[in-house]
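One chain, chain A, appears in both complexes that follow, with chain B as partner in the first and chain C in the second.
Moving on, here comes the complex of A and B:
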């Protein structure tokens, strides 16, 4: 197991490194220079700036300087367009917490609701309730999170005035939660539906299994048997979809953050791309890569821990 | 017991033999029904599923409007006129029926009641509704709902209103739907073609080839979708082609895995062995003998991948990496409407409804196809 973890960690580090390299090369080799649009600049000024930011050196040298700064000083360069001369890490550092807050809470909110809906659907299989909830599930899965966000913002925030229309930066504690509830809700719809659909399929199969029959034979009531034996066993494969869902939520969060004017990573990335502030773009891309790769790593590692039946050995699992 | 063989009958006189039941009528009848093939069978099952049938009708309607909608009025998708910006939607016959959404109404607040009869300020017939009358400092004030078109003296009618540049949103919406659908369909077809070919080869040959090919997909899969799409658009610019490419880069892997699994299931079958013994070349074995088994899952996957592609296109538009203006797409209309949501909600309403209906329909359609091709999967 330890060997496996070490292997996976190493693979993760290598992947991050590859993404960083490709991202850096793509962004540096793009046509156009950062001085486009600043026509009043004299060639001397450009030369001086180029020398200051190492743009006059070959790309490969720039790359190693960049890499060295990150590894030794955790220095991700400085922002050139958005907040000139502010270190990228200082900008990014302020934006990460609120993004994680929104994403984490929407995942947290979606779990119990999704589980509940899934259990209800499986127990009432092929009844009116099942069909009704299934229809909602299809809607929640299909409609993009930003459409939900727009609808919630217009009706709940603007028409009814229950929530602030955009995020209040100065809010703390429950006021913060209150002002972030709509984005959290908008992002939670799709995970709720996914969890519910998955659990319904799993549980509907589990309920018909032999150990459930045995449990009933031993004298457990239907509810007891379902909760003690059925649900527990259906939860195991659920782990595999919950953790990667975090990455999916992150993607939707990019847009939802923009809709509610949340000063998070999503807004930062959009702003960085649109102002071609490449150092910041690269840092935000690395943030999203990091989150995604960590989730994949967690899934891989949790396989063996959650379900001992899945043994990770040297053999091929086909 | 003696076992008879051919030689024992050698001396029989053939002319003495006669038919036993030549005169009797045969009671078996021909099949009066036609045989039901694979697709017909699936079609029958599909038609039983009402929600999928409704979904496919909705898809056909949307495709019809996407093709012909922009031609239904004489306004171009990029005809700008700053004299008619942000017009509300108005469809005359629906307005007569009292559908508030389409009466071209615009709200004006804090107007003096005494001026309401002044036709130089409020042209005749423009006032639809007066409400919220109150006295402020002794002057009677009210809020008004006026017909934008009469009030601003615009003699044309815009069915879905206009945007901030005075462009007709009906034309833009359907043109946008057309472009979004083209992007989605082309990217899905490309991804299925690549995925099927790749998966077939990996699944058929197995062993080392399979291992190497699957490692490659794992490496590509490690790149998060957002990052891949962003980088792709940054390199190749924002055109239809680069958006399609950006959508394909990672999505074909799922198809490839599915097909590979199918090949693992079918390649050990006896009929494949029989074909191989007869000297059928690998290519024919793959595409003619094994692949058709997976036609159901492939079609299902194609249908289910469309909403994802539509979502990704809108997503790119939202983060500013969509098509270049003035070309519309559903995502671009949504993100432009979003900016004026609180003032002109109808500008975001129609694209939002369209994208929701489109995604829900394709998902239901895909689910129906899956149940039809493989009834054992129902409800999964």
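Moving on, here comes the complex of A and C:
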């Protein structure tokens, strides 16, 4: 298992390196330059700036300078347009916590609710409850999160005034949670529905398995057999959808952050692309890549925890 | 002796998409204490459904239409799910057909054996492991201490079936139902598992219902045999009576289809397929595949004709007015051979 984790970590580093390289090159190929909109600038001034930021050197040289700075000094360059002369890492550092806060809580909220809904649907399969919950599930999956965000904002925040309309940057503790609850909710609907739908399908199949029957004939009650034998066996394939789920939340949060004026990574990325602030764009790209890769890694490792055939059987195959 | 289990006129149907499947159509049998009763029949004859009805684990679309299942004076057909909790696994246990799918793939073997004991509170947690190790030894698992911590995928098929038997025996049941316990195993392992079941029966004083489609398996196991076809019992009697004096053409066919070492002729195969149980044929369900069938067999359901105190068969051939029909040649020869062998070995024993 340790060997497997080491292999995977190494693969993670290589993947990050590849993404950084491609990202760097592709962003340099985008149209537009940092001087767009500064018509009064003289060629001499441009030349001086280019020399200062190494833009006069070949792209490949720029790339190695960039890489060296990150690896040796954790220096991600400086912002040129949004917050001129502020180091990119300083900007990103401020934005990461609130984004992780929103995404993490919506995942935390959606997993148990999704599991619960899935279990109820599977146990009451083809009943009124099943049809009712299935109907909601279809709506939650097909309607994008920003529609829920706007709806929640309008009704719960504006009409009823239960929540602040936009995020209060200075709030801490419960007040912070209170002010972020609507975006968290808006982002959680789709994952809840996804988990519920998959678990229903898996569990409905597991419930009819021979080992569930054996559990009952050896004296377990129906509920005991379902909880102890049905659910855990259904979780193995479910791990698979947590990857797209987390990226869905992340993708949704790009827009939802804007709706609630949350100063997070989503807004930063959009702004950086619009203003051709390449260094910032690249840093946010790396952030999202890192989160996705780590999620995949965690999912792969969790297979081993849930399923002994992977944990123990994996050793034999080598 | 009072029977431990009495099934009377049990009828079970399934609601399927195409209509109502009449899986079991009024079967009756009883099981005496410390006896092995074999229920024999081909796939779809209603064997497994009958015992699922006994244990209250029919699928949701199945229901008991009529009949009684008397276990120690209680009618199990009137039981609710909760009432079964005091019986399933504790007094009546089931050994499954396919040990590969009957064990939970991600739970340790030891836990699967002790789980029910601990949950029902009949054995303390600290003593449960010792009990499980003892059981694993009893069913012939080497290195039980080590095996206790392993998962099903680390066991071979035969070993898994031994574990399934150990689980069934964990709460010291009185009645063990074996649902084709050797079908999924290869022949050498089959013999060992059958031996194990016979051995455990003696040691633990079990009563056994043994379900199989394999006449060869039955020979060494059963005290009495019920032959089932299309949801009905067509013949029942002691093992000796069924093997030496079979009376129903279906039993003849089953016995003729059984391979043995001395038969030189081509093995007999029953022509046709079992009837569609959505619309069971009237009369004797086997008539369409039966070359000895009388016109009456197609028209009216035969009653049970008594051959001896213990031996009954449902075929119009046994009616006094029916033409005299002999059992097939191949079977007659075989029975003669078996009797001869038996006489010889008895002679030697004396």
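Note that in this section the second predicted complex is superposed on the first by the 306 of 318 C-alpha atoms of A that agree within 3 Å, B and C clash if a C-alpha of one lies under 4 Å from a C-alpha of the other, contacts with A are read in each partner's own complex, and residues count from 1 in each chain.
FYI, a contact is a pair of C-beta atoms (placed from the backbone, for glycine too) under 8 Å apart; a residue touches a chain by one contact, two chains touch by 3 or more.
Keep in mind that this is a model prediction, so the values were computed, not measured.
J.: Sticking to the clash and touch definitions up top, decide whether chain B and chain C on chain A clash or fit.
T.: Aligned on chain A, chain B and chain C fit with no clash.
J.: Looking at the overlay, does A:193 come into contact with chain B only (first), chain C only (second), both, or neither?
T.: neither
J.: Which partner does A:151 reach: the first (chain B), the second (chain C), both, or neither?
T.: Touch partner of A:151: chain B, not chain C.
J.: Determine how wide the angle is at the CA centre of chain A between the CA centres of chain C and chain B, giving a multiple of 10 degrees.
T.: Roughly 80 degrees separate the directions to chain B and chain C.
J.: Looking at the overlay, what does A:236 touch: chain B (first), chain C (second), both, or neither?
T.: Second partner only, chain C.
J.: When the two structures are overlaid on chain A, which partner does A:30 contact: first (chain B), second (chain C), both, or neither?
T.: In the superposition, A:30 contacts chain B only.
J.: So, A:219: does it touch chain B (first), chain C (second), both, or neither?
T.: A:219 contacts chain C only, not chain B.
J.: Taking the superposition on A as described, I'd like to know which of chain B and chain C A:228 touches: first, second, both or neither.
T.: Touch partner of A:228: chain C, not chain B.
J.: Just checking: does A:210 make contact with chain B only, chain C only, both, or neither of them? Give me first, second, both or neither.
T.: The second partner, chain C, only.
J.: Have a look at where A:109 lands relative to chain B and chain C in the superposition and call it first, second, both or neither.
T.: neither
J.: Who contacts more of chain A, chain B or chain C?
T.: B
J.: Could you state the shortest Cα distance, in Å, between chain B and chain C after the structures are superposed?
T.: 13
J.: Enumerate the contact residues on chain A facing chain C in the complex.
T.: So the residues of chain A in touch with chain C come to 208-211, 213-222, 224, 228-229, 232-233, 236, 306-309, 312-313.
J.: Quick one: which bits of chain C touch chain A in the complex? Just the residue numbers, please.
T.: Contact set of chain C toward chain A: 55, 57, 59, 81-82, 85, 88-90, 93-94, 96, 98, 101-108, 115-116, 119-120, 151, 153-154, 164, 167-168, 170-171.
J.: Quick check on the complex: what are the chain B residues that touch chain A?
T.: By the definition above, chain B touches chain A via 51, 219, 222-227, 230-231, 234-235, 264, 307, 311, 314-315, 318-321, 334, 338, 341-342, 345, 348, 352, 355-356, 359-360, 362-364, 367, 379-380.
J.: Enumerate the contact residues on chain A facing chain B in the complex.
T.: The touching residues are 15, 18-19, 22-23, 26-27, 30, 135, 138-139, 141-144, 146-147, 150-151, 153-154, 158, 165, 200-201, 204, 247, 250-251, 254-255, 258-259, 266, 269-270, 273-274, 281, 285, 288-289, 291-293, 296, 318.
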